[in-house]
Amino acid sequence: MKMLDVVTFGETMVLFASEAMTPIEYSNNFSKQIGGAESNVAIGLQRLGHSVGWFSKLGNDPFGRYIHKFIRGEGVDTSRCIYTDEAPTGIFFKENRSPNNIKVYYYRQHSAASLLSPGDLDEEYIAGAKFLHVTGITPALSPSCREAVFKAIDIAKRHKVKVVFDPNIRLKLWTMEEARPVLLEMAAEADVILPGFDEGKWLSGRNTPEEIASFFGNEKLVIIKLGEQGAYYRFGNEHGYVKGFVVPQVVDPVGAGDGFAAGVISGLLRNEPIPEAVRRGNAVGAIVVGTNGDVEGLPSKEELEEFLQGVRYADVRR
Amino acid sequence: MKMLDVVTFGETMVLFASEAMTPIEYSNNFSKQIGGAESNVAIGLQRLGHSVGWFSKLGNDPFGRYIHKFIRGEGVDTSRCIYTDEAPTGIFFKENRSPNNIKVYYYRQHSAASLLSPGDLDEEYIAGAKFLHVTGITPALSPSCREAVFKAIDIAKRHKVKVVFDPNIRLKLWTMEEARPVLLEMAAEADVILPGFDEGKWLSGRNTPEEIASFFGNEKLVIIKLGEQGAYYRFGNEHGYVKGFVVPQVVDPVGAGDGFAAGVISGLLRNEPIPEAVRRGNAVGAIVVGTNGDVEGLPSKEELEEFLQGVRYADVRR
Amino acid sequence: MKMLDVVTFGETMVLFASEAMTPIEYSNNFSKQIGGAESNVAIGLQRLGHSVGWFSKLGNDPFGRYIHKFIRGEGVDTSRCIYTDEAPTGIFFKENRSPNNIKVYYYRQHSAASLLSPGDLDEEYIAGAKFLHVTGITPALSPSCREAVFKAIDIAKRHKVKVVFDPNIRLKLWTMEEARPVLLEMAAEADVILPGFDEGKWLSGRNTPEEIASFFGNEKLVIIKLGEQGAYYRFGNEHGYVKGFVVPQVVDPVGAGDGFAAGVISGLLRNEPIPEAVRRGNAVGAIVVGTNGDVEGLPSKEELEEFLQGVRYADVRR
Amino acid sequence: MKMLDVVTFGETMVLFASEAMTPIEYSNNFSKQIGGAESNVAIGLQRLGHSVGWFSKLGNDPFGRYIHKFIRGEGVDTSRCIYTDEAPTGIFFKENRSPNNIKVYYYRQHSAASLLSPGDLDEEYIAGAKFLHVTGITPALSPSCREAVFKAIDIAKRHKVKVVFDPNIRLKLWTMEEARPVLLEMAAEADVILPGFDEGKWLSGRNTPEEIASFFGNEKLVIIKLGEQGAYYRFGNEHGYVKGFVVPQVVDPVGAGDGFAAGVISGLLRNEPIPEAVRRGNAVGAIVVGTNGDVEGLPSKEELEEFLQGVRYADVRR
Amino acid sequence: MKMLDVVTFGETMVLFASEAMTPIEYSNNFSKQIGGAESNVAIGLQRLGHSVGWFSKLGNDPFGRYIHKFIRGEGVDTSRCIYTDEAPTGIFFKENRSPNNIKVYYYRQHSAASLLSPGDLDEEYIAGAKFLHVTGITPALSPSCREAVFKAIDIAKRHKVKVVFDPNIRLKLWTMEEARPVLLEMAAEADVILPGFDEGKWLSGRNTPEEIASFFGNEKLVIIKLGEQGAYYRFGNEHGYVKGFVVPQVVDPVGAGDGFAAGVISGLLRNEPIPEAVRRGNAVGAIVVGTNGDVEGLPSKEELEEFLQGVRYADVRR
Amino acid sequence: MKMLDVVTFGETMVLFASEAMTPIEYSNNFSKQIGGAESNVAIGLQRLGHSVGWFSKLGNDPFGRYIHKFIRGEGVDTSRCIYTDEAPTGIFFKENRSPNNIKVYYYRQHSAASLLSPGDLDEEYIAGAKFLHVTGITPALSPSCREAVFKAIDIAKRHKVKVVFDPNIRLKLWTMEEARPVLLEMAAEADVILPGFDEGKWLSGRNTPEEIASFFGNEKLVIIKLGEQGAYYRFGNEHGYVKGFVVPQVVDPVGAGDGFAAGVISGLLRNEPIPEAVRRGNAVGAIVVGTNGDVEGLPSKEELEEFLQGVRYADVRR
């Protein structure tokens, strides 16, 4: 069996984006894309030159096939995807009045992905990876999904696969009261934790990046995303702030966190010093928000290198 | 309270139509419309000059509001619509490879409309109408919907409101075995029954329009839709075939049956002789299939009169 | 007869918006919306929970029906709308090179709405309202429209209906010389006057908000719109500035003034103190410019409350 | 001054075509084209290799400039076009439910072109042509347009320029009673008359192509268009039927008559025998209806030759 | 190394399809798809459940990546694709006035794929397949492509891989005089030959299916495509006609031949009797022409089974 | 022969612009425009009221005809355009992630325009103009194009036609090493040189506007474009900075330099003092970047006058 750098899994949905910057109620035209935090990370890593596997349970319908083909087309290993006739593929609608005013409407309750369960995991597949990436979305989908996440983490730990955990708190799926104990349990098992600043505050009840990082403990790599300001990291005695990149025009803020995760994991796979890996995360995030779509803007290895070296495309030379 | 000519209720969904004649998996652009058998009939009747009330349970979301506004905009009374936060508005996707090859994909399980229940009915509202229109779709949505349909029929019968029943068998919602007893019970209560030929065969187990009509009994008006051939009707001793209209180009076959129902009920409200009412149904159905969309092609009173008098728009005089 | 909170009337046109940010001469694709100051206000008020009636004279054509259905769909009472075969529904084109460079091209001369005349007014309908809203556009459309406006004001005053006047000077319809005496006569009759700062200067010949307000007299509520700065109000001895809201990205500046009017009238209907009502006007205006279209962005009561309490949608939590 | 083969003039409007095959009331998207019988003929002739001048009075607005640029771009001489600030360029909307059901909605009353008057004619320009082409649309636009048409015909006759007259009866612009005497007067002055069969019947009160042709007199070339059947012609003692071409799929029937006129005039300019010229007219008409748009399908000289020689594009060889 | 059922290679281009049925000169909007005979066959076979490899030389540009991702997404093995910086990916434009009038415009001269050369072939990869599929397009692209095709055939023959040859004569790429000797040489090496009837006539100089089949010799399986009539086959002493399927509405004729090839090869892989394999080819071709796009309509195994058993989607049961 | 104010020539291509702000690889829809530095300048000058001739060698295909018709439609003299069957019209794709991130992909190698050669020049045509405008793009296209440029300059100089040279360095077409000697030779022959600041530095090896201008010599008018800062000019002893205009929102930066050239040449044709001509260039450039497209935003004489006098369209008065 081919060894993969990273394995991740979770629900990817078909995203219908309103084509006009107007409330969805008045939009007449919608375009079809895909959206899913874990597949965003998988595609981001693949594009940066790593080998990645992603899987989910998909509806045996055109939308399930579309997701599968899109992600497989990107070069991600999708051989562990499972189709079901029992539920349709989850979808959602994205309303974009302006880059400052984005809302989403889900049709994911009772979706195919919510039927994912521990029995769907291939132990050998996970065991062969260097990193397992999990998010706080999956345990919110259903009890069987929650069990699957913890089983996957358990497999990883037994096989010395490092676990990267991105909280991705989704208050449309569960309340903070429901979410906190589950996410803290995930955090406790993880080797790398990537909360946003607000997420860190909510989970820890503390107020500064330093305090939040301490809350999660010294033996883990904790990286707290600070938006345009960059990020704060702590691992044992190492800690510090890594400045963000200036984004001249935010076109679409969605996907920044997933791009950050892809950049950081890529840096870790390359055995970069932590501040370098964090800078890589900042860079991927900054590139992503300058392009429409969750995955469309994820940079190739070459694009990322150019960006890190300061090349910008502001001047047009045909 | 204002008296209405017709009251109907049932699930109307937002319809996302693939803009290219290609499998939905490969479609990139979708347009937003509405679709629902009962609201099609309501709008059809309203446009023909009758007063109509339609209601449903709608999700408290942009799609629920869109449906509500669209139907209210058409002049249909929507004052009995109910919003719920407990479930989203049902939606579906329509794949149109050619007028001969149309498929639909539903996201209506656990929808807002499936939560409709007997307690949501306003007895006085139904009691004040001349006709109650019900379809065989509603009882397939949920047990509470089934109860609501039978309660509505019961209200109608107690108040001498005539019941029009259109079987509208949907094998994506239930099996024939589940459907048959329920639909036969509805038919037994109805005053007017409007099956398609295939539906009539399935429900009655008989093979000719005459036999099917007899099966449902002599005291009811039974009209069997025969597609391009027109329709067969029977009411007591009256019976006969009414020829259909030639449609030079079928643009979209969906909605023909609902247009037929609107035309027939309109004829009955106008106290036309049965063959005239059936001809009216044939005409509305023929007009509808010459236009894209379920409701867009429903004719106004004036357009229907022109059509019945033989005016066609084949020659263009700017 | 049902009592309405507000009655308004005037021309609403079909708006064809160029879909590309390019001069209309080079635009290939246009989308269909509606535009009209009075119907904007009507829809804005309806969405904030008030009962509103709007009417106009519409062409008996698809565009007239579209306008009617759109506004009726929003829940506004349109029972007093009149159709005519004598003239087509007015339309206009909107060229949007950037939010800073918007032009419009009218096809409204000799339109159906310009045929509106005093005989089209239903005295009882106006008399039953709490407010009559009129704009300075209507008298510019035709002599009969001018007479209709003054007759409506006269009806209002005889029945103690408060008159809200928004100058809405349109130099494409008449010159300042033609406009000034008419608008000043309307202002003289009004209880509430809502000029923009420039409009106030042109009408009064004075240069500061304070002077302009004084010009219109102490017994009226005068509120002068100051754009992003907010507004200045004066009523008897009460007066002051009310700060505007910060708009992170102006998507479409059109409709801000109508949203302001809806917000202010809503506050007055709620018996709010004047500064609160003005703040409500500022808020609706700020929300509207963050969304494309004249009416699409008008907030519901709940959205307005959230906005007033400081909720913004900058962070996306799917 | 450069001598032109043909001069024509009349109103060309911007055409907004509904992009969906649905009633215009429900269409959300419109594309911009141009439409005008005389400019269709001008472009058709230009594409067949003749030199043509077309002119009109255009609004000094983006739509006037668009029309001017489009027709000038095609190589037609537009040097005699006149701009006015007094009225806007006429526009119209085209509803296309199916190729069998097309309707148009005009905004051309009081248009710039309706202001065309005898003073706008350049005598030398008309006098230098071999043919003057006029239609029965122009005299329906306004009294000054009517005068301009008759003055142009008068100029032509004084300078031995042959007059081609296409009745193009537009019952949306005037009644048959108004139209008949004017069109018969034009026919009486014309050298070549190109009525459709129905038009011929209405104008002559006779019922067969032979009788209609006789009605207009022996000294003129009369060609009666018979749709798919082809055409009947009579000139002195020469007469006969010319069979039409089979059109495998009519995509858009609009513009067929103008294509026919272009083909016939082209044949006459090439001094072809009359049946050959008529066959050329039939061919251009047949090609045009196989393509969307009024002018887009007009063939080049080479395409027409291929078509006349029987080349079809049914088989695709990439 | 994984054994594949079929290996094929050749140029796939990005296809820009005019969205309106109008000449490309007047089209404003184009949609992006892919087109390539060999990848059509590859995707067709993959969808029918076989394992397939396809490769080409792609430009190192967005269009090359798009093609690669699309085909990989479909599940075809693309591991042997090669990127080059020396030339761009070939593209073409498709003008669709009606299903009877389709033209293409190529930008493929000097394309990346034309740089394919014998050195790019992986002998082991080809040797491991059951079938090698080649078309007459590839040798027309460049001398190095021609050499590559013959080298691939040579590899196949040495390793007992059966060679399927589809002539696919493209007169835009070379003349018949240039094409004939090359294609006959390919035919001489092939085990299965799939000419269209016209192609068969051109290559053999004979006039009936029987004579054409004889021309290519008895030891090969020759199947001559007869369009709607079906196909004629001959292999040794076996021969006969296999009737085609009725297509109610041809939406897009392009891709029928590639679908036919996929169906036939699928039948051969399943060891079906020849007439069954030909019928399978007829069926896939018939399904493809009922859908827009070259590959979008290629059926899954299940769809093909339904079609062969007579299921049609004419009646809509939501 | 009609005397023209300016003659220019060079490659204009069809531009396919991605309609979504997303990488071209993921764009599904493209719109068709034209792009070419010399035709941009020609159209810019024509719109400002000057007479201009532009020519190129065009493919005898729909794209060649589209370019020809577009530019002729604008009123530019295109009588010297030449069609060839030997090569297709060049095209390119424009990826627009944001106004700060624009890339282009060319299909112009071996294009029709690259076949332009000295024999295609009409000496009399060039000799009759007041200015010849040439860019540094043309000599990069092919050796024959390079010869044509130098022959045209030679004709101009012999006939006292002033030569305007815009370097327009395109590093996608040649390297700086290839470009420098050619462009310096062109500069040496020119009367007016219009480099961007970076271009000036690359060509001269100097670092300030003053030094760069000196490098090119005192007897020429050198104007160095400084982006938003405006421009620096030097002619003999005259020199100075001319401030740029504030652009509230850059919609599309492409075409600014061509607009600048059109404005400057217009000023020179009007015999304005140099600083005035430069200001005119600044103004046209500023207007162009506020509109999408290369030529769509080029102002008419009237629009330019309004802009120079400070009129902005920020406030909308319908």
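Going in written order, the chains are labelled A, B, C, D, E and F, and every chain counts its residues from 1.
Simple rule for what comes next: a contact is a pair of C-beta atoms (placed from the backbone, for glycine too) under 8 Å apart; a residue touches a chain by one contact, two chains touch by 3 or more.
All values derive from a computational prediction rather than experimental measurement.
A.B. asks: For the interfaces D-F and B-E, which has the higher count of C-beta pairs in contact?
C.D. replies: Between the chain pairs D-F and B-E, B-E carries more contacts.
A.B. asks: To bring subunit D onto subunit E by a C-alpha fit, how many degrees must it turn, rounded to the nearest 5?
C.D. replies: 120
A.B. asks: Quick one: subunit A and subunit F, Cα centre-to-centre, how many Å?
C.D. replies: Each chain's C-alpha centroid was found; their separation is 45 Å.
A.B. asks: Which subunit F residues touch at least two other chains?
C.D. replies: Subunit F, residues with two or more chain partners: 23, 25, 28-29, 31, 69, 106.
A.B. asks: Which residues of subunit B touch subunit A in their complex?
C.D. replies: On the subunit B side, the touching residues are 16, 19, 23-25, 27-32, 61-63, 65-66, 69, 88, 91, 95, 105-107, 109-110.
A.B. asks: Within their complex, state which residues of subunit D touch subunit E.
C.D. replies: 31, 248-249, 251, 290-293, 296-297, 312-318
A.B. asks: What residues of subunit F sit close enough to touch subunit A in their complex?
C.D. replies: Counting only subunit F, the residues touching subunit A are 20-23, 25-26, 28, 92, 97-104, 106, 169-172, 198, 253-254.
A.B. asks: For subunit E, which residues count as touching subunit A in their complex?
C.D. replies: Listed in rising order, the residues of subunit E that touch subunit A are 68-70, 72-75.
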